[in-house]
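Please read through the structure below; I'll follow up with questions.
Each chain carries a letter (A, B, C, D, E, F, G, H, I, J, K and L) given by its place in the written order, and its residues are counted from 1.
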Amino acid sequence: MPDGIYKVVELVGSSEESVSKAIDRAIAKAAVTLRHLGWFEVTNVRGHIENGKVAHYQVTIKAGFRLEDD
Amino acid sequence: MPDGIYKVVELVGSSEESVSKAIDRAIAKAAVTLRHLGWFEVTNVRGHIENGKVAHYQVTIKAGFRLEDD
Amino acid sequence: MPDGIYKVVELVGSSEESVSKAIDRAIAKAAVTLRHLGWFEVTNVRGHIENGKVAHYQVTIKAGFRLEDD
Amino acid sequence: MPDGIYKVVELVGSSEESVSKAIDRAIAKAAVTLRHLGWFEVTNVRGHIENGKVAHYQVTIKAGFRLEDD
Amino acid sequence: MPDGIYKVVELVGSSEESVSKAIDRAIAKAAVTLRHLGWFEVTNVRGHIENGKVAHYQVTIKAGFRLEDD
Amino acid sequence: MPDGIYKVVELVGSSEESVSKAIDRAIAKAAVTLRHLGWFEVTNVRGHIENGKVAHYQVTIKAGFRLEDD
Amino acid sequence: MPDGIYKVVELVGSSEESVSKAIDRAIAKAAVTLRHLGWFEVTNVRGHIENGKVAHYQVTIKAGFRLEDD
Amino acid sequence: MPDGIYKVVELVGSSEESVSKAIDRAIAKAAVTLRHLGWFEVTNVRGHIENGKVAHYQVTIKAGFRLEDD
Amino acid sequence: MPDGIYKVVELVGSSEESVSKAIDRAIAKAAVTLRHLGWFEVTNVRGHIENGKVAHYQVTIKAGFRLEDD
Amino acid sequence: MPDGIYKVVELVGSSEESVSKAIDRAIAKAAVTLRHLGWFEVTNVRGHIENGKVAHYQVTIKAGFRLEDD
Amino acid sequence: MPDGIYKVVELVGSSEESVSKAIDRAIAKAAVTLRHLGWFEVTNVRGHIENGKVAHYQVTIKAGFRLEDD
Amino acid sequence: MPDGIYKVVELVGSSEESVSKAIDRAIAKAAVTLRHLGWFEVTNVRGHIENGKVAHYQVTIKAGFRLEDD
């Protein structure tokens, strides 16, 4: 996080495969509308179980993006 | 929370009547501009006191809404 | 909590009406199989939203019951 | 909380009826001796169970009151 | 978590391979005796080190299962 | 905690003498029905006061036991 | 904690001997001026070291006392 | 926080001078696009070090603004 | 904190200038009625915003004072 | 953690590939200078984003090593 | 903690007898190599169970020592 | 925090003047023996009171430094 002003958004990504795929999907989705995404932090890992197996992982992240200078 | 990507927003609702009314008001207000609101979580309950009585309750919630597919 | 040994269980109750109804339902259900329930503590309040309104509240509680003397 | 110096006290109120009644009772009791109570925050919700039902709710709050100018 | 009453159990799974394998093993074991497992949440990730390498990961989860209607 | 799958239970033990006696009593009680208890962690220490003295200590612990292989 | 309204105070007791002695001393001191002390909870255990040994333990507790009916 | 519905945003401000300057810069930046900013809360203070000195402070705040009536 | 019994009070100080001025004002006010104030700890830093600028800082502290020997 | 005295160090490992690779790298680095590393615990997972993708994961761990008998 | 710069280390001590003995052993061990140890704080109390009894207590502490002036 | 392996140390700095001076002094002291200090995070702000005024501030920080490649 170099010098600058950041806004932080909270996102939940999900994936049937893994925790990191869930992170990747949340960030990819956010990057469609938010430029200058710079860092993320994982705040929660959970998921759904179906028939005694993990159906999908859900990962909550906070992601920061630099606000552009006016 | 079925499969998908969610964004989480933080809101404070208030009500002179009860904690649950304060939650309802925050969600109703958010629903005007946010479609696909799916869940909420209470993170703080507080309020103001006037003349030795609760003047209004203030409830902070996080609410998640599914980001639409592009 | 008078003198004795307690076991603590974690439960999630839900209700379409209110937070306290969700607590009541979780405790009533637990009381079917657990005797000597003595106290509870709320650890989380959340819920689902449908059409911009609270569809039901979900309250997580920890409840303690005294283990009977052998 | 407008400008000023506040002292914060911690109180536990109880009620057989509801969480909000327990809050109201704690604040009413505190208001007998403390002037200028301005706000409260809920820090814990728990209660006692008798015969498989909530016997009474106990709510811990922090309440702030403005110290009078000398 | 649709409407219903859930019980939450805490489990520690371990795996020599990865964090997610440790989660999978804990859930598979729990599913032998618990029907209706619906969700899980990771509360701790730790592990043992031998000869300067991770010997196995240990992941603590809370898992919720719906209590059947009587 | 060597390799294996553990279940974690939460217990409250009490003693008129000391915090460690309260821990010992909770574990002794749990050991009557749970085999393979392997570790514990203290999560809360509290107690009751009568006539200005500690009447008994109450210690909440989490205790883990290895699930047997099928 | 039977029905009633409680006030909670925070105290730090110290003892050269043990943690429990530090608790006892804080409660004995508080009981001089506060009637109806009913329960306590330990929130912090720390201490001072002199010459590589514990010089005294300092234990922070919260203690609740019932407010008398007017 | 008078009566009303608030939205809370999370921001990171930075300054080479002081923590409070970092707060001021984050709020000034937010105020360009958000009307009715009413309060803030500091949730994290960190910073970067260069050549053994603080290069700049980074302060994370949550800031609430009242949603306008429709 | 040398040997002795301490009581801890919670205070909120405010200042238009800075966080440390808010701390100073809370302690100066407390010192009018409390002798033997020995230490403080900051538990919360927040503030009010007016016209896009910090109107005043509000700092919550816990302050401990030694109870006099009887 | 068998009987003995441990020291705990805090480390941040990073990897472009995965969270577990970041853990592995931190432990491998620590093992160069610290003998008897016995366990670790993950305390934070974060990372950097470049061009809308995770550039690298950063995992903070605490790792314990047994102090050798003199 | 008088004026000065301190470094804080984290240690885990164990004892078959009691929590305080575990603290004492960790501090005695640290004092062999660290001069000027001034204070400690308990951050975790856990232990191992064998045959339904506490085999040994493990206490995690943070201990601070003053860095000597150059 | 660019790519690399970091170690994190915990320090307490003090100053009679201000919180930021206390941070500066802790970092300056650490920089005498630790190269590559890259970032810090404030984890606690407290201080001592004498004659009803702040005698000095004590700030606990965690500071990370990059481990050099071998």
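Here, contacts are C-beta pairs under 8 Å (C-beta built on N, C-alpha and C of every residue); 3 or more make two chains touch, one makes a residue touch a chain.
What you see is a predicted model, and the numbers here were worked out from it, not measured in a lab.
Visitor: Among the other chains, which touch subunit D and subunit G together?
Guide: I
Visitor: Please find the path from subunit C to subunit L through touching chains that uses the fewest steps, and give that number.
Guide: Minimum step count, subunit C to subunit L: 3.
Visitor: Compute the distance, rounded to whole Å, between the mean C-alpha positions of subunit D and subunit J.
Guide: Their C-alpha centroids are separated by 44 Å.
Visitor: Hey, how far is the Cα centre of subunit D from the one of subunit I, in Å?
Guide: 22
Visitor: Give, as an integer number of Å, the spacing between the C-alpha centres of subunit L and subunit G.
Guide: Using C-alpha averages as centres, the distance is 32 Å.
Visitor: Taking each chain's centre as the mean position of its Cα atoms, how many Å separate subunit F from subunit L?
Guide: About 38 Å separates the centre of subunit F from that of subunit L.
Visitor: So which bits of subunit J are touching at least two other chains?
Guide: Touching at least two other chains: 9-10, 19, 48.
Visitor: Show me, using the given definition of touch, all chain pairs that touch one another.
Guide: A-B, A-E, A-H, A-J, B-C, B-D, B-H, C-D, C-E, C-F, D-G, D-I, E-F, E-J, F-G, F-K, G-I, G-K, H-I, H-L, I-L, J-K, J-L, K-L
Visitor: Residues of subunit H touching subunit L in their complex?
Guide: 18-19, 44-49, 51-54, 57
Visitor: For subunit D, which residues are in contact with subunit B within the complex?
Guide: 19-20, 23-24, 27-28, 30-31, 37-42, 63
Visitor: Tell me, which parts of subunit L touch subunit J in their complex?
Guide: Against subunit J, the touching part of subunit L is residues 1-10, 62, 64, 67, 70.
Visitor: Contact residues on subunit C for subunit E in the complex?
Guide: 9-14, 16, 25-26, 29, 32, 48, 56, 58, 60
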